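A, B, C and D label the chains in the order they appear, each numbered from 1.
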Amino acid sequence: MINKKVNNVEEALLGVSNNMTLMLGGFGLCGIPENAISELVRLEVKNLTCISNNAGIDNFGLGLLLQNKQIKKMISSYVGENDEFERQMLSGELEVELTPQGTLAEKCRAAQAGFPAFYTPAGYGTEVAQGKEVREFYGKMYVLEPAFKADFAFVKAWKGDEAGNLIFKGTARNFNPLMCGAATITVAEVEELVPLGELDPNQIHTPGIFVQRIFQGKKFEKRIEQRTVRERS
Amino acid sequence: MLDKNGIAKRIAKEVKNGYYVNLGIGIPTLVANFVRDDIEVEFQSENGILGMGPFPFEGEEDADIINAGKQTITTMPGASFFDSATSFSMIRGKHVHLTILGAMEVSENGDIANWKIPEKMVKGMGGAMDLVASADHIIVAMMHTNKRGESKLLKRCSLPLTGVGCVTKVVTNLAVFEIKNNHFYLLERAPGVSVEEIRNATEGTLVVEGEIPEMNL
Amino acid sequence: MINKKVNNVEEALLGVSNNMTLMLGGFGLCGIPENAISELVRLEVKNLTCISNNAGIDNFGLGLLLQNKQIKKMISSYVGENDEFERQMLSGELEVELTPQGTLAEKCRAAQAGFPAFYTPAGYGTEVAQGKEVREFYGKMYVLEPAFKADFAFVKAWKGDEAGNLIFKGTARNFNPLMCGAATITVAEVEELVPLGELDPNQIHTPGIFVQRIFQGKKFEKRIEQRTVRERS
Amino acid sequence: MLDKNGIAKRIAKEVKNGYYVNLGIGIPTLVANFVRDDIEVEFQSENGILGMGPFPFEGEEDADIINAGKQTITTMPGASFFDSATSFSMIRGKHVHLTILGAMEVSENGDIANWKIPEKMVKGMGGAMDLVASADHIIVAMMHTNKRGESKLLKRCSLPLTGVGCVTKVVTNLAVFEIKNNHFYLLERAPGVSVEEIRNATEGTLVVEGEIPEMNL
């Protein structure tokens, strides 16, 4: 077993510096690496390029880095629900590259799996395809999209072990498994770091080979964006 | 004329036995409430769930179980969770049979625009571009006109496109249309709405063949 | 829930006919769809193109179809351990398309996920790349490989439910999850068909959407090819 | 001169702390037996297991737990199972640090042939083509000469290639070589084997710089 455990978030983020490209897991506020984001705020690293499906909300998630003007460029699929984001984008302070969600997912997976690029139908005929190679296969048009390249990937899992094996919970899985191994260094924060051997080898979502550092997160707020409920009848 | 629930109710009739269905945010989400109980259907949400159930009872919300609209939800027996690449494998690979989504504009050749108003609003396309580029059957659910009273069924979309030549059906508060041969074919009128009213509210080329029935909701 | 259950292997293979292209899961004899293979033998369908990592052994697995001369063409990565196979291939009776194992896996996954083709470094500079498009990305050469197209995929899982959800066991997983949804009709045979709701939604290997028919296999022999053991000390 | 276990023992010294290693069939499989206990290493087998352990005790074999050589095996604590696409993501994505495999021929520019003898034997490449096309560090473990006594270290391979310009090191029963600048650089001699013997057994261009030490096993 190759031990990936580090003691805390400070150790986990060693080496993060200005101008880096970071991947951050999560969909909305669901499954985001809360501890890594807090530490990025504390470190005050600037000029970051962040790859994340969403950009958080004004006062949580990646919104915290936006407020702090630490982000130079966002690569996301959906950025509604964030006034400060919209302000920075429309004023030109923030560079934004909007990418279809499935393409974003596959650009992560391609980086993880050693594929240089892939053809997808998403975005053909739209401004997303501008300047990109398009090609016909079997009568349908596809756009060539390159794999991502990133320095750090920050992911959040439910359970993990010292070998770096991860299990995610519910829809908090989303982009997290795809970002593992898609950057030079993958840092996983988990709700529960369990003893080696406790996770069933048959039920690992992300094998430890894709993770370089793992730590138990101190606090997970897990905010809900849209609390929708039904009446008990 | 239909309200949002009426549009959803009409679209629910398009959901057939054995369908996997992806519902977009807004009116499409309401469709789930009107699908017949006696057919087998599963709802997929592109953030990573198949077999989506209703909202949870109060106090049972789980921050880790949401839909693509970021709403807390529940699962049905037989549900599964998966990552975003697998989710879009289902969509791109045409395993999801029907996509229902909202739009700001639809054109007579099946183009759709629903993600950006230049200089004004950019929320992003989310999964919409993947959905419309892949599904064989795409239904747009929307109000027939915008807030300024202008038709959203156009000859050509004016806003940045989400997808080209992909929309197969449009259900609005006024009518149901099929898109084929680069035209809007009028299939049904909403209760109390005349062909003339529909014609006046539609900028794109409308085809009216024979008697147009009123919807049977 | 959309019910995928069929009552038996006969019903599961309805529609299989001569000249079809079939995918069959398994690595060696591990995780092969034993019941579907037996039924293919009984049906005596001929001129089949079979996509499977291996070709079984002389008297088991796909070897049974070979003996019966039902296979026109094999697409595999490794075909050792099968004398009848070698005889048919060298005599020209059997057409063989050898494909690198990772390429074989990804050609299945591409079919499942709606990718028309992909670039992989495997086989560049070898006869595998002959007649194929090659292309440089970031200073490295890649070969363009098309997705598979198949009529039926036969897979074997450990547990499954009526919704078609599957869980595999150990290394019997291999190609099985990748072939699900990669053919027009996917047929899953399981060791145990459990009641709906018994499988944890968080631990499904293959969501039911990728499976059209599921049945409980009557008999699983599960032969071991290389029984290697160590002494108790 | 080394036997197969000797070759495996020498190669085991190339396995460093923190390495994920893929072992091919034959001599490479033996390497696991000689890796130092005080370093952290995990073995990957491309059929879908990470954290491979030794053979099971008799009676504990599980038909569902095998390695790429189809041998029954066990798992170490922290192991995981996965599908074949994920397995080759590990390989293609360079997450596996070291690949050790056998060969029929290796050429001085790092080409390798190990999957086919035209008209005679075709077993197939299995995962070898993916492995050699991807790993940064590839060690070939083989006997120096074939059954007819001919060198397997060649100027150019005569058999169909498995990969081009990819082999970084070769360990045979006679010596250890590094491949660079299109030459075989002699690094170490097997116990009791002279540089002259190695030179005579090597068809490819051999570079001998300074005193060549005997292996320290």
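One rule holds for everything that comes next: contacts are C-beta pairs under 8 Å (C-beta built on N, C-alpha and C of every residue); 3 or more make two chains touch, one makes a residue touch a chain.
Since the structure is predicted, the reported quantities are computational estimates derived from the model, not experimental observations.
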item	value
Number of steps on the shortest touching-chain route linking chain A and chain C	1
Most widely separated chain from chain D, with each centre as the mean of CA atoms	B
Distance from chain C to chain B - Cα centre to Cα centre, in angstrom	36
Geometric centre distance via CA averages, chain D-chain C, whole Å	28
Centre-of-Cα separation between chain D and chain B, whole angstrom	55
Touching two or more other chains - residue numbers and ranges from chain B	49, 81-82, 85, 88, 91-92, 134
Shared interface positions of chain A, touching two or more other chains	109, 114-115, 120-121, 168-170, 201-202
Every chain pair in contact, whichever chains are involved	A-B, A-C, A-D, B-C, C-D
Interface residues, chain C side, partner chain A - complex	114-121, 137-138, 140, 142, 146, 167-170, 201-203
Chain D residues touching chain C - in the complex, by the definition given at the top	45-49, 54-73, 81-85, 87-88, 91-92, 111, 115-116, 119, 121-130, 133-134, 160-165
Contact footprint of chain C on chain B as seen in their complex	18-20, 40-42, 44, 49-51, 75-82, 85-86, 88-96, 134
Of all residues in chain C, those that touch chain B in their complex	1-3, 109, 111-115, 161-163, 165, 181, 196-197, 201-202, 204, 207-210
Residue ranges of chain C in contact with chain D within the complex	27-31, 53, 76-81, 86, 89-90, 96, 98, 100-106, 108-109, 120-128, 158, 168-178, 205, 222-232
